[in-house]
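Each of the two complexes below includes subunit A, the first together with subunit B, the second together with subunit C.
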Partner chain A sequence: MKRVNGRIMTVFFFALAVLFLAAVTAAGWVFSEEALVTDFSRKNLGPGLQYLFGTDWLGRDMFIRTLTGLSMSIRIGILAAGVSSVLALLLGTMAATMGKTVDAVITWVIDLVMGIPHILLLILISYALGKGLKGVVVGVALTHWTSLARVIRGEVMQLKEALYIRTARKLGVGGFEIAWKHMFPHLFPQFLVGLILTFPHAILHEASITFLGFGLSPEQPAVGIILSESMKYLAMGRWWLALFPGLFLVFTVVLFDVAGENLRRLMDPGSVHI
Partner chain B sequence: MKAHFIFIGKQTIRMLLLTFFVSLAAFILISISPIDPLQANVGQVALGSMSPEQIAKLEAYWGVGEPPAERFFTWAGDFFRGDMGVSLLYRQPVAKVIGVKLVNSLWLMAIAWLMSGIAGFVLGVLAGLREGSLLDKLIKGYSLLIASTPAFWLALVLLMVFAVWLKILPIGLSVPIGVEASGVTIADRIRHAILPAVTLSITGIANITLHTREKMIEIMESDYVLFARARGESTFEIVKNHALRNVLLPALTLQFASISEIFGGSVLVEQTFSYPGLGQAAVTAGLGSDVPLLLGITVISALFVFGGNLTANLLYGIIDPRIRRGGARA
Partner chain C sequence: MHKKIFRLLLAAAFAGSMLTGCKGRDTAAGEQPPAEEQPAAEEKDSVIVAMGPSSEPESGFDPAYGWGAGEHVHEPLIQSTLTVTNTDLSIGYDLAEDMQVSEDGMTWTVTIREDVKFTDGEPLTAEDVVFTYNTVKENSSVNDFTMLKEAVAVDGKTVEFRMERPYSIWPYSMAIVGIVPEHAYGPDYGEHPVGSGRYIMKQWDKGQQIIFEANPDYYGEAPKMKKVTVLFMDEDAAYAASLAGQVDLAYTSASYSDQTIDGYELLAYETVDNRGINLPAVPASADEKGNVVGNDFTSDVRVRRAINIGIDREEMIENVLNGYGTAAYSICDKMPWYNETAEVSFDLEGAAALLDEAGWTAGSDGIRQKDGVRAELNILYASGDSVRQALAADMQNQLKELGIEASIEGVGWDTAYTRALAEPLMWGWGAHTPMELYNIYHTLEGGSAEYSPYSNESVDQYMDEALKAVSLEDSYDLWKKAQWDGTSGVTQEGDIPWIWLCNIDHLYWARTDLHVADQKLHPHGHGWSIVNNVDQWYWE
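Presenting the complex of A and B:
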């Protein structure tokens, strides 16, 4: 059998990841009403052919609930990954180019954000914003930029001294044009990988913070809520309430982690041929 | 030697300053909160039936209406003197609440930190040594999977298997229910700590394993390992004499830097197992608007995180002879 090379694998994983994302989001949209339907004639059913993931104590179909919950988490994750990576790009570049004071302040802020354990920071932000959906979204979006900002800062620091940038500067090209035309194309791969790898992190943290009871209300069936509700019924042996939603969550995260890691390896010339 | 002390001094001052700013940031976040502690804890109905005097008294107790800047400096000043205020939910000094919870959590975190560090390191070395082998693939796959698994879900799964299904371990808390405090044995405590500690250890392993593996692969491909092989050293000797020394340093740094993650994990795990530790207290404080307790826990945890980073920096200087010599010259 011919060995499948890294490029094809990456394309494959990406297609799979995007397809999965689209399917879950679409399903969540279609089933958003059905996820709340209760039917007492079918409560506490184990997983079977008719109800793939079983039903809960109100007779809600867990498969549909999981899909809608996951689609919610995915939307929050995409938003958070987008905001965080743009923030990282901006702050990282600013730190590297705008002089010592700005650099010191931004580095300081990065250290500060990293000094508070992530979950605790999310609790604080959620508390500051009054614990709604807003608190979760803002919290997850504003806390995932630190490590990527560090990477970008280092990268820009090196770029600044590169011959072609120095030449451009000598030729009188403006600062913004240098940043856009010469630096950004160079940074783009790093940025893209950062963006993709932030996404699973954001989803995990969103699930964690909602699991703890901050943010989303029980009517919004996010994965974290579903799992925290399932805790009450665990001792009665209703294992399916916790197992399947969690598995789905893990599957989503793994898919994007693997896709992102593959992309990173492809873009890094040191390991591209392995 | 003098340079070394200056280095330590600088790092310590930096750490204290950072902690101060962490407390300031946390304080700002808490004071912009629109949550009215009265509404959250007393409830709309009860408030409606109270006289204005009663409400005023409650407002004074929960600190409603004082200017934030003044409050911060009062709080910070007291904190510096060792008075962290009174927890509003537990009705005890925050220092005392944190002290009790911290002991419970430290157990867990210390065990998890050691176990995940040692196991992760060993697994990483084994995987990196035989890159591409079945063992390597298994270890790598396992680490990637665990890195993607939320700690609380893993906790739920372990609960389902060991507490509900097999019934060999207790389902939660740190002591048996309905037993007097004096009747609780060490064995009871250990039995209750097993599941949380195992969960935390398992989740902590992934990071260190993957990192060690990468480093190990790099080292095994290096020139000095090739030369050692040419000299006729066996694989065991190469690992013992060359690889371990070089791979241990970054692993140690990473492990000390991971304290923040272990702490975050403990919040989730303690909540799932109803284990009365610092993490659970943080969640309770956040949900119940117990501002002094939440602030206290934030500062304590930041001290731990920065302390870990500081230790890593110092250890680097002690363990790595290159940095030791370089540091003395600088």
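Presenting the complex of A and C:
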């Protein structure tokens, strides 16, 4: 039998992670109605065959609630990470190419946002926008672009001095064309990995501000809400309310990390041939 | 093994609650100085009570800023009051020896006992009473004293209250105002209260505990409990503290009622702490600020009646409260001013017939419709209140059987009041005064009642008359008529602008050898009411 080489393994792990995340997202979509159903005839049941993760004090199926919650988290993560990565790309490139003043302003903004603790800024933004989905997405997007923007800014600054860019400029190629045709392909791997690694942050932050009561509204099956509700019932010995959703949240976050790491290895010239 | 897992989780729960960094949580960690100070084996005359963190009086023990009064009424313990409410919610006397009201209801004359001293040794005189009432009228942030013009001392033991308008239920207002000493009252009174009541506040560690000691010179029967320690902790911490044997009595809720704790019993007290929803009684429109007011579906009185009889209250109490509650039909069940005709029995078919008659007929998906409008309700509840959430969820399920599609939504109190003008909100009310009826149902100047759009002239008129009545007994009758006079009112056959669901029993874990004295029906608020008569508790 042919030995499985590192590249195939990497592809395999990446595919597995993506598949699982896609499945959770889809399942949440399918079950979104059912996750809200309350049935008092089946309240406070422990985990079993019928209800894998047990039920809570309103008789809601925790398995379906967890899936729906994670699905919502993933969707919020994709939205927030997408917005913040595009923001990072734009601002990073602008800082590097549009002269000293723009650079100074953008660098100052980056320092400012980084200087305030994430969670505090998130709560402020989310609260100002009236909490809910909008508040969370905008909040996460506006607080997570900074480090990626820095990386891209540095990268573009280096590229600017590269021989082929200078040559292109000498040949009279326009600024936008240089950026799009010559720089972006070079930046893409950084950008993509940055995007994927923002997911776990976004998801955890969504869960934590919802846990603290500044995020999604409490009847929605979000993981942060599930976990904060479960706190009260731990003392009564209803451990399943916190354990499974918590584990699955960690699992999801780890999978995003795995996917991002493997993708990096696949795209990074330094490790692409292992 | 089970125990081990349980302990581990408990530890995690504690760590979690500490992490959230609320100042009130420290007490959960286990350092309870009062518990350790107790003399062993001697006859015990002290008690440790756990209450919720929100019971801690924010502005201290000043009656003008909410101590004893406001939304959650209770006896002020440190101070004396002129009157008290008896177990049956009739009026009794504390400092007062006699009270008279003039024919026109504009002057109340109260004579007070002369043997009462404040704990700093100064006698309590009519001047102090006058000072107290004029101060609360001036400053009170939580109570409405606009009906009082002024208090005047006629002599050392007689006080005259001159009113702006007749107010027959004045004795109920007098039952919640603790008398403060004029000579020792200042901006810091809340933190250093001096009173003439059964207890002296000895120590207050903010965010943790308050220690009371019996007043040795109390004019009434000497308190049996010499020392009362009140701890403030969250529900789960209170439960854990009972498990650890650190408290003698701890508040709890129905979700814990299936647990057992060695050495403790579960005490359940009936209340008028009701839960109910408002149903806006006018069609939807926008007010001048652009907020929606009214609801097209619930503006139909037959819809409101159908919901009132289409809800199985007993099932709801079983489902949500594990049976620890009583069905509610008004805001004032079992009070002297309650009109029993408010009671209805569960009748699903009758409710369906009412909806059919009103033209709301079932569509293809089982949900009723009328002129293209679906029978939909969005029930709001205060987020973070698991009982109200569960009540709303159970209501949602029950309404489905009626062909009404309900959704539930958790909201914060910052927006709840405005949104309740258009959508039903899960409320909690219940106080020891008929003014609650007035607050809920009486029309304000804007042409509608305060909390939910509704107005009925005859209901208003009865309540206005009730306030003008010469005697309390007469006023009870008029309050009853305001609810239902045979042709109009706020009950099932009337306008039914609010649906009352249940009165929530107040539950406590108490040591089996602690004798807790009989309680009067607790009002809304699961806090200080339990210690109203802590002076009469004893250890068996």
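Heads up, the rule we're going with is that the second predicted complex is superposed on the first by the 258 of 274 C-alpha atoms of A that agree within 3 Å, B and C clash if a C-alpha of one lies under 4 Å from a C-alpha of the other, contacts with A are read in each partner's own complex, and residues count from 1 in each chain.
FYI, a residue touches a chain if its C-beta (ideal position, glycine included) is under 8 Å from a C-beta of that chain, and two chains touch if they have at least 3 such contacts.
Just so it is clear, the structure is predicted and the values come from calculations on it, not from any experiment.
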Subunit B versus subunit C as contact partner of A:R150, first or second or both or neither: neither
Touching partner for A:S217 - first (subunit B), second (subunit C), both, neither: second
Partner chain in contact with A:P200 - subunit B first, subunit C second, else both or neither: first
Partner chain(s) touched by A:W239 [first = subunit B, second = subunit C, both, neither]: both
Contacts of A:R65 with subunit B and subunit C, given as first, second, both or neither: neither
Partner touching more residues of subunit A, whether subunit B or subunit C: B
Contacts of A:E229 with subunit B and subunit C, given as first, second, both or neither: second
Touching partner for A:R264 - first (subunit B), second (subunit C), both, neither: neither
Those residues of subunit A which subunit B touches in one complex and subunit C touches in the other: 212-213, 231, 234-235, 237, 239, 242
Subunit A contact footprint on subunit C (complex, rising order): 2, 5-6, 9-10, 12-13, 16-17, 20, 235-236, 239-240, 243, 255-256, 258-259, 319-320, 383-384, 386, 389-390, 393-394, 396-397, 408-411
Subunit A - residues contacting subunit C, complex: 38-40, 43-44, 57-58, 212-213, 217-219, 229, 231-237, 239, 242
Interfacial residue positions of subunit B with respect to subunit A in the complex: 18-19, 21-22, 25-26, 29-30, 32-35, 144-145, 147-153, 156-157, 159-160, 164-165, 171, 260-261, 263-264, 267-268, 271-272, 279, 282-283, 286-287, 289, 294, 297-298, 301-302, 305-306
Subunit A residues within the subunit B interface of the complex: 108, 111-112, 114-120, 123-131, 200, 204, 207-208, 211-214, 227, 230-231, 234-235, 237, 239, 242-243, 246, 249-250, 253-254, 257-258, 261
